[in-house]
Amino acid sequence: MSTLARRTLLGTAIFAVPLTAIAFVANAMASPADMRVVVNFMISLVLVLAIQSFSGNTGIISFGHLAFMGVGAYVAAIVTIDPVLKQDDLAGLPSFMAEHSVGFIPAVLLGGLVGGLVAGVLGVVLTRMREGAMAMATIGVLVIFFVVFDNWEGITRGNTGIAGIPQSTTVFAALVFALLAIAACRAFCESRFGLQLRGSRSDPVAAEALGSNVVRLRWVAWTLSGAIMGVGGALWAQYNIAVGPQQFFFEQTFPLLAMLVVGGLATVSGGVVGVFVITIVFEVVRRMEDDIGIPGLTQIVVAVLILVVLNRRPNGIMGGLEVDQVLARLRGRRRVEQEGGSQ
Amino acid sequence: MMVFAAAGQEAVQQAINALALGSTYALLALGLAMVFSVLGLVNFAHGELVAVSGYAMYLLHDAGLPFAVQVPAAIATGAIAALVMQRVVFRPLRGASFITLLISSFALSVLVQNGLRAIISPRQQGVPLPDFFNESVHLGPYVIGWLEIVTLASCVIALIVLTLFLRRSTQGLGMLAAAEDFQATRLMGISPNRVIAAAFAISGALAGLAAIFLVARRGTVDPGMGFMPLLSAFIAVVIGGLGSLSGAVVGGFVLAAIEVTLDATLPGSVQPFREAFALGIVVVILYFRPEGLLTRVSEAK
Amino acid sequence: MTTATLALRDVVKRFQGVVALDGVSLEVAEGEIVGLIGPNGSGKTTLLNIASGVNRPTEGRLVVGGVDATGRRPNQVAKLGVGRTFQQIRLFDDMTVHDNVLVGAVARGEDRDHVAPLLARLNLAAVADRVAVTLSYGDQRRVEIARALAGSPRFLLLDEPAAGMNESESDALLATIQAIREEQGCAVLIVDHDLRLMMRLCDRIHVLAEGRTICEGTPDKVRADPLVIEAYLGSAGAPAEPEPAGGQAS
C-alpha cells in the first residue's frame, strides 16, 4: 500500500473509533438538546477541516470560507424545500428549480459542487496575491457574499432567510461526512499537492525554485476547500432547517477559526482536536452564562483561551503533528525506556 | 445648460462627500499600516480602538462634560488603549508568525467587544453632538455640511502633522526607517520597543480621531461600531499595498471614491448590493495589481 | 553549439539603477562542472538568480537546453531541468529531511522511491526523520543539494555549498559533487569562496569582478591570469574569506 493510502487510512481510523462511539451513544440516549450539540459537532468537523485543507497547507488564513458554507447552505435549502413553499417565498427562481425538489444526498453534492465552483472563480484572482494581502482580501469575499445573501430577495429571501428545509441530516449521516472529510483532507495533505504546498508554506521562493507552481497549487487547495465547505453548509442547512445571512458572517467565523487555531492549524488532527475542545468549552461556558447572566461570556472565555494557547503553544495543542505521528513517537519513547530499564 | 450645471454641482458635492469619507478611512488605514510596517501585524482589534474611544466620549457626555473635553479624551483613550494592547497582548508574541498575530488580534477584538457588551451594555447609547455639526454652509451654488468640512480639515491637519513628525523628528525618522526595514533600527541605535510603542500610540490616536467623526455621523455608540469602518480600512490598506504608509492613505480615498460614485450612479434596484459592487471593483484592481497600487513589484532576493 | 547547455547571453542586471551584472555571457555544457568566483559584490549570486529564473535580466537572454527561458518564472525554469541551492539555506524548516527531499521529487513529477537512494548518496539516511531545522549547518547544506537533485535536474546550481564546512567536510563534498556528475550526468555551476575546493573540482572557472567577466578558462589558466591575481587573489592573498550575511543581493 502506498504511503499516502496508509497514512490516510490510519489517520482516519484513529478518529473513526471515538467519533463512531459518540454517534452511537448519542443515538441511544442523548436528549434532543445534547443531540443538537453532537450533530453540530460532526458538521463543525467538516467545516473546520475544509478551512484546514486550505489554510493548513498553504499557511494563509482565510476569513472568507463561511461564504462558501453559505453558498452550500442556500443551495441545499433551495433544492430541498417543498415546491409549494418556493412558489410563495422564492419568486426569483427559474421554473425548473421552482417546480422540483431533490433528496438529501443530491442536495449535499450540489452544495459542494456550487461551493467549489464559486471558490474556483474567486480563487483565480485571490491566489495571485501575496500571502498577507490574500488573507485580507478573503475578508472582502465574506462581505460580498453577506451583502448578496442579505439582499437577493427572490432567491435568498434577504434578511428573513429561508425556513422550512426538511431536516434530513441524521447523526450517522453527519458522522459519515465527518469521516469522509477527515480522510479527504488527510489524503490531500499527503498528496503531491499537499506536500508541495507545505513546502511553499515554509518557503515559497525555495518551492518555486524546485518547480512548484505555487499559485496553481494554492488555487487547487482553495477550490477543494470551497467544495468541502459547501458540503458542510448543505449538511448544516439540512439539520438546522433555516438559513439566514447572519449565519455566514463574522460572528460565526470566529468559533470555527478558534477551533482550527487552538487545535493546531498545520494538521488535520489539529483541526479535529480543536473542534472537540472548543465544542466542550462552548457548551460548558454557555450553561454557566445562562446561570450567571453575563452576556457574551462564552465569546470572552474562548477569546482568552485562544490568546493563552497561542502564547503558550503557538502551533496549537497538536503542535504541528498528526495523531499517528504522536502515537508513533510515544511508542518509540516507551521502547527506549524499556530498553533503558532492562540494562 | 441647467442640467449640465446641476450635474456639475452634484459631482462637486459627491466629491466632497468622497473626500470626507475617504479621510476617515485614511486615518484608520494609516494606523493599521503603521503597526503592520513595524510588527508585521494586521490588527483586527484596531476597530475596537475606535469603539473604546467612542465609549470614552459617551461616558464623558454622560458625566455632563462638554464636547471640547470629549475630543481630546477620545484621542488620548485611543492612544492609551493601543499601548495597553501592545504591552499586554502583542509584546509577548514578538516574533510569532503572521497567522498567530492575526488570530490573536482577532481574539482580542472579540474580547474587547464582548467586554464592552458585558460591562456597559449590548445596546446602542446616544451621544448627541453640538448642533453645529448638523448645519451647512452655502458656498456659491454648493451646500456643504459642517461635519464634512470639519472631518476633512481635521484629517488633513492630522496627516500634515504626522508627516512633519515622521520627516523632521529623530523619533519619526527612526519610525520611517523601521517601516522600510525593521532590522535597520537596531543598527541605527533606536530601541525597537520604543518604535513599536510609538507606532501603536499613533495608530490609537488616529483611531480616536476617526472615532470622533464616526460618532458625529451616527450620534450613537455600540460595542460593534468599530467593525464596519475597520473592514473599509482593511480594504483600503490592501488597495494601497500592504505595508505602504502612503498607500494606505491613497487606498482610503480610492475606496471612498468608489463607494460614493456607486452611491450616485447605481440604479435604485441594485443599490443594496453597493458594497458588493465596491468590493468587486477592488478585486478587479487587485487582479491587475496583486501587490496593491503603491507597492513596487518587488524582486525576490 | 549543442542544445544541452545552459547559457546566459550578454546578461545585464540593474537593481533600481545599480548595475549588478554588466554584459556577462556564460555557458555550462552537459556533464560539465563550471566554477564561478569573484570578490564580494561581483554579481555571482545575481547570476545564479538569473540562471534559475528568480531574477529577470534587465537585458540579455537565458537559454536552457535550446529553449529561450528569459523572463520565465522560477518554477518554469526548474521544469526545463535547472535545480539550485541557496547561499542562505532555504530548507522547509518544519518538515523532516525525508519530506524536504520528497517535495523536491514530487515538484518535478518524480517518483517517491526516488528519495531513499538520494538520502543514502548524500549520507543523510541516518537523519531522514529529523526535522530539517535541527540539523547541523553542513548537513542542512547537503539536504538542500539532495532536495535539488530529487527533481533530476540537468543543470545543478550550487550557491556556496562549502560555506561553514571544515576541510574534511569540504573534501567529502568534492567527492559527492563529482559522483553526482558521474551518476546523474548533470552539469554543475558552482559558486564558492573555497578556492582549494574550486581548483580541484571545476573543469572551467569563470571569474567575475564588478559585474563583468575578467577571465575564463581552466583552473590553471585562471590561477596564472594577472587580472585575476590583481582583482581577486592579489589584494589579500587569502581570498577564502566568507561573504558577509546579507551581501547576496549585490
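Just so it is clear, A, B and C label the chains in written order, and each chain counts residues from 1 on its own.
Quick note on the criterion: contacts are C-beta pairs under 8 Å (C-beta built on N, C-alpha and C of every residue); 3 or more make two chains touch, one makes a residue touch a chain.
Just so it is clear, the structure is predicted and the values come from calculations on it, not from any experiment.
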Most centrally placed chain, judged by C-alpha centres: A
Farthest chain relative to subunit B (centres taken as mean CA coordinates): C
CA centroid of subunit A to CA centroid of subunit B, Å: 32
Gap in Å, rounded to a whole number, between the CA centres of subunit C and subunit A: 43
Approximate Å spacing (C-alpha centroids) for the pair subunit B, subunit C: 47
Multi-chain contact residues (two or more partners), subunit A: 205
Junction residues of subunit C, two or more chains touched: 54
Shared interface positions of subunit B, touching two or more other chains: 300
Residues of subunit C touching subunit A in the complex: 52-54, 73-75, 78-79, 83-84, 86, 90-95, 99-100, 102-104, 106-108, 112, 147-148, 151
Footprint of subunit A on subunit B - complex, ascending: 42, 89, 92-93, 96-100, 102-104, 106-108, 110-111, 113-115, 117-118, 122, 227, 231, 234-235, 237-238, 242, 272-276, 279-280, 282-284, 286-287, 290-292, 300
Residues of subunit A that touch subunit C when the two form their complex: 2-3, 192, 195-196, 198-199, 202-203, 205-214, 266, 320
Subunit B contact footprint on subunit A (complex, rising order): 55, 59, 61, 122, 125, 128-133, 135-137, 139-140, 143-144, 147-148, 150-151, 205, 250, 254, 257-258, 261, 265, 294-297, 299-300, 302-304, 306-307, 310-311, 314
